[in-house]
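Look for chain A in each of the two complexes below; its partner is chain B in the first and chain C in the second.
Right, the complex of A and B next:
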């Protein structure tokens, strides 16, 4: 061990134990968050609130997974919605055609998504910036068109009809609203926790390095292409989880789930919540859905309201809400330190 | 190794923020349904490309609801409509429908969704057991397919298969009379376009066996430029053309085909032409386009229908659409069913609605029926005629024969494995 390496090892030890500590803290917070969410049905009979949280789970998983690409790796994907749609369709079709238990369909959907994401990713992640964005968008449109034209299998533009069967498993009956709610919360929390682990792992820091300087990462011996492909596939898996939650919520799958507007909403959510903090997209999801649900209650001109809000964030704050709050806190702390 | 970023804000504050968001949703922001009024929820498309149709649905519903309320309401309870935009997205339609029932306390649903949205609302009705009348979706499978069938859902809409049977027999009559053997088709490339065109040619060939389709074009839905399609058809030199383009697509197609004088070179059959949204928008409406009726106040040729069209125009300063009459009919059905059942209870209404025949300005013989076995509307005015460039646009409409429709529909259902 050279002197330099010895010095580095000394620095690494506290960082490692710090990381372990943080991991425990993350798990603890996840457990508390799940306990709070799961106990909600005991305090309120509001089905609308439960519906809201289920939708937040679907969009939250999707948006946070997009942030793994956009915020952590610097890959702005305009086609991430294809995996949301793919998850919803694969799950729905497997349940309708094969009638297997829900967990089997869940795992099979993730496997299908992983294979397709690996193929698409292998082509896309070689590209950078706008080229990456456009090729992902092109693949999304390919998948959307396939869903539309393969009507005998996918139901075409009318979607998967007739409802998704949800046989009970292990005492969980997803046809029951409260069961579905708790299952969605569990998927959300598990998904977020897993993504948090990815983001905080050495792999996560490799991604940040690739984002900041890919050439440098490459010179340090990192296989940039492989790292990008890995995160592309991982993000696709979480997006597919979001799609499955949505498919269960509406008891169907529709081509709109794989349309570019879903990807657009994902980007919008990330802009709204912020990409520099892990929970930014989750905050963005809650904000967007709240805005959407309240504004559409009062006017059909919701487009104008949402447009003004996005302008406010883009031109006024110049960052997402949680980015803004984070900066405000760090400024305050810095002020106290002086 | 040092961290490239500071850990960010504390989780406590983030959680507090999320909690605040959740609380504001939980806030009891809506009053429960009052015993006196009966709330009817209606998700429909009020923004985007087909907003005009959604708005015309809402207008028609309000026109009829005002009448019902003035006459004492549904079984003595005044109707309060809660109409909300779904943006034409199925997941929003499902959410809005659930919200209308669960949060706003709506006891009945009018589903003003098209295509995929109607299937999403159908699943909500299946889940919540609330009485739901579909008022806009023409997809035949919604009621024809027994897998879709639920006791609490009805469809008060014209149907693709009915249109195709009537269109096919009408077109075959003209094809035989004028010797039109070479046909071309040009329809939007999605399920409705493909299915409707397939069914139309099926019945056309059945009634006129020597017809041959020599060219097929499938422009994309909402395609702005049809030059390629128009030239392709002109090169094929057909004697007749069938199209189920609709709305803005149909009007841009006609405007562009007019440049090539297409309408003087062949007989054109456009099932969705005779709708005011298309008739009044085309710059130079060619004479002699054959079209099915959508909504036109000159068919059925009864004073009731003309009066209804005029009343709508007087109130909203535009003509009703195809979606308008369907929504108005749904409210008429509800009113009559509530009178019969003397109740607004969804289950009792559903029992009465089965097989119910009511007087209606849009009926072929002055009445329409909610068929009992598949919960769908039959007996409405359906026919084909030719256009003239000014009002009344389609002066004479040849009515379709419902006996033939029933006969061929039963055959079609069998061929699809529905019965």
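Right, the complex of A and C next:
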């Protein structure tokens, strides 16, 4: 081995083992997180707490999937909530009308979402910045209007009535609250793990390149449109998973799930938690739901309070909570390196 | 070989590239010069697919690339660096190199893998060493000096192992010392990598020192082509561009 090769090998070993270690570390963290969450029912009888975690699972999946677009690709979608609603409605309707097992409905919902997201995405990802944002919003309003006006199929403004049948499968009975809770946690952890893998894959770095400089990326042989469309569809799938968790939780689907305010909440969650770290949206989800639950207990003007918090983060801090933590760590590491 | 045949591009009534035909043999080093507005950058934009030509052919080893999209042209072997360094500001130098090498892989083939791919390391490392960026591997691109950002831009083009490397004013915005360091690097790349290099440059001292062949563009058409001595003594070039400062310097 020449001196140069030896030097190279020395420098490169951490790159290779670092990538492998990172994967094992992520899986380990996911397993620990699932073990902690799944053991919660054995330590507390609080149904409210379990409900809170289920809601966090639904919104956490949705918000983190939005961050694949916003934080990793630089695509700010104002209409991502349409896939949350689409997931809830597709799953609910398949279960109600076809009476298939839950896993079949789950897979069928993902397939439907993928097809619709591919069609909408093929149109939207050609657009830039504010045009992309508003055309996605327009599609969301189209889906919301369809849900409202096609009352014979979707239940219109009353939503899917009569509850969603949840037949037991593989010993899992989703009609049982604890089973539903553990299944929601499992979906959350698996979803986060999959999204983490996407973000840390070579494709995830292609997305970062597109975010930073899409024109330059195309001069590196990257088909920017195809990459954007791929992440648009992938993000839609995870948003639909969140919608399915919500549909199972409330045993129904309502037009509000597909309304623009869901997309707005997703954006707000990302602003609250931060988009520069993978777990930022998850932290934002917990904060927003806590804030919602707490504030509504004390005042009917909770909208005003939330508005002030949004302004504080948007205009005052200009960063999310985990962005500050990440920045503090990077400053500390830079200080130690000096 | 890169062969340009009757390339033309107009913007409204302005003929930015007017029936340009040129040949760049394998392993050649060519400078493209000309006054502002001569159509030099447009010429590069046409070759790399940033602009679609109105007519003409761009043949790389016999394959016509005219009008194709930039990613396809890159995959055929034409790399490009820009006048203003075009980089990925939030990525480190090493991440930039590694990501660029794996950028052309199919999504389905890499989605389950972790970044960086082991097979990309050697090439990325080699190019970082070549351009003197290895010591700055952990610096984010945004924090690099102007000169290093330009080197990173060239490294991005080079890491894809192009057959033809187009450099749009590689020394733009640099001080005299940095400028010569950069041009020495370009010459070294050309000599060691055995690739075809075409560069646009305004500094005539640099052009006459390193380019064996010079193309002079003026108002979209070729005013002259030839060796440094031939260009220095070409009266049309002296009138249109060089003036008397560089004229006949070899004589």
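Keep in mind that, in the parts below, the second predicted complex is superposed on the first by the 316 of 338 C-alpha atoms of A that agree within 3 Å, B and C clash if a C-alpha of one lies under 4 Å from a C-alpha of the other, contacts with A are read in each partner's own complex, and residues count from 1 in each chain.
To be clear about the criterion, a contact is a pair of C-beta atoms (placed from the backbone, for glycine too) under 8 Å apart; a residue touches a chain by one contact, two chains touch by 3 or more.
As the structure is a prediction and not an experimental result, all values here were calculated from the model.
Asker: Thinking of the overlay built on chain A, is A:251 touched by chain B (first), by chain C (second), by both, or by neither?
Answerer: In the superposed model, A:251 contacts chain B only, not chain C.
Asker: Is A:170 in contact with chain B, with chain C, with both, or with neither (first, second, both, neither)?
Answerer: neither
Asker: Which partner does A:205 reach: the first (chain B), the second (chain C), both, or neither?
Answerer: both
Asker: So which one touches more of the residues on chain A, chain B or chain C?
Answerer: B
Asker: Looking at A:282 after the superposition, I want to know if it touches chain B, chain C, both of them or none. Which is it: first, second, both, neither?
Answerer: first
Asker: Figure out whether A:315 sits in contact with chain B (first) or chain C (second), or with both, or with neither.
Answerer: neither
Asker: Could you say whether A:23 touches chain B, chain C, both of them, or neither, answering first, second, both or neither?
Answerer: second
Asker: May I ask you to decide whether A:197 touches chain B, chain C, both, or neither, giving the answer as first, second, both or neither?
Answerer: Touch status of A:197: second partner only.
Asker: Which chain A residues are contacted by chain C in one complex and by chain B in the other?
Answerer: Common interface on chain A, chain B vs chain C: 8, 11-12, 15, 205, 208-209, 212.
Asker: With touch defined as at the start, can you tell me which chain B residues reach chain A in the complex?
Answerer: 1, 4-6, 8-11, 13-15, 17-19, 21-22, 24-26, 28, 46-47, 51, 84-85, 87, 89-92, 94-96, 98-99, 102-103, 115-116, 119-120, 122-123, 126-127, 139, 141, 145, 147-148, 189-192, 194
Asker: Which positions of chain A touch chain B when the two form their complex?
Answerer: Touching chain B: residues 8, 11-12, 15, 25, 29, 33, 36, 40, 44, 46-49, 51-53, 55, 148-149, 151, 155-159, 161-163, 205, 208-209, 212, 246, 249-252, 254-257, 261, 276-279, 282-283, 286-287, 290, 293, 296-297, 300-303, 322, 325-326, 329-330 of chain A.
Asker: Over in the complex, which chain C residues touch chain A? Could you list them?
Answerer: 48, 69-71, 74-75, 79-80, 82, 86-91, 94-95, 98-100, 102-105, 107, 110-118, 121-122, 125, 129, 134, 137, 156-157, 160
Asker: Across the complex, what residues on chain A touch chain C?
Answerer: For this pair, the touching residues of chain A are 4, 8, 11-12, 15-16, 19-20, 22-23, 197-198, 200-206, 208-209, 211-213, 215-224, 226-227, 230.
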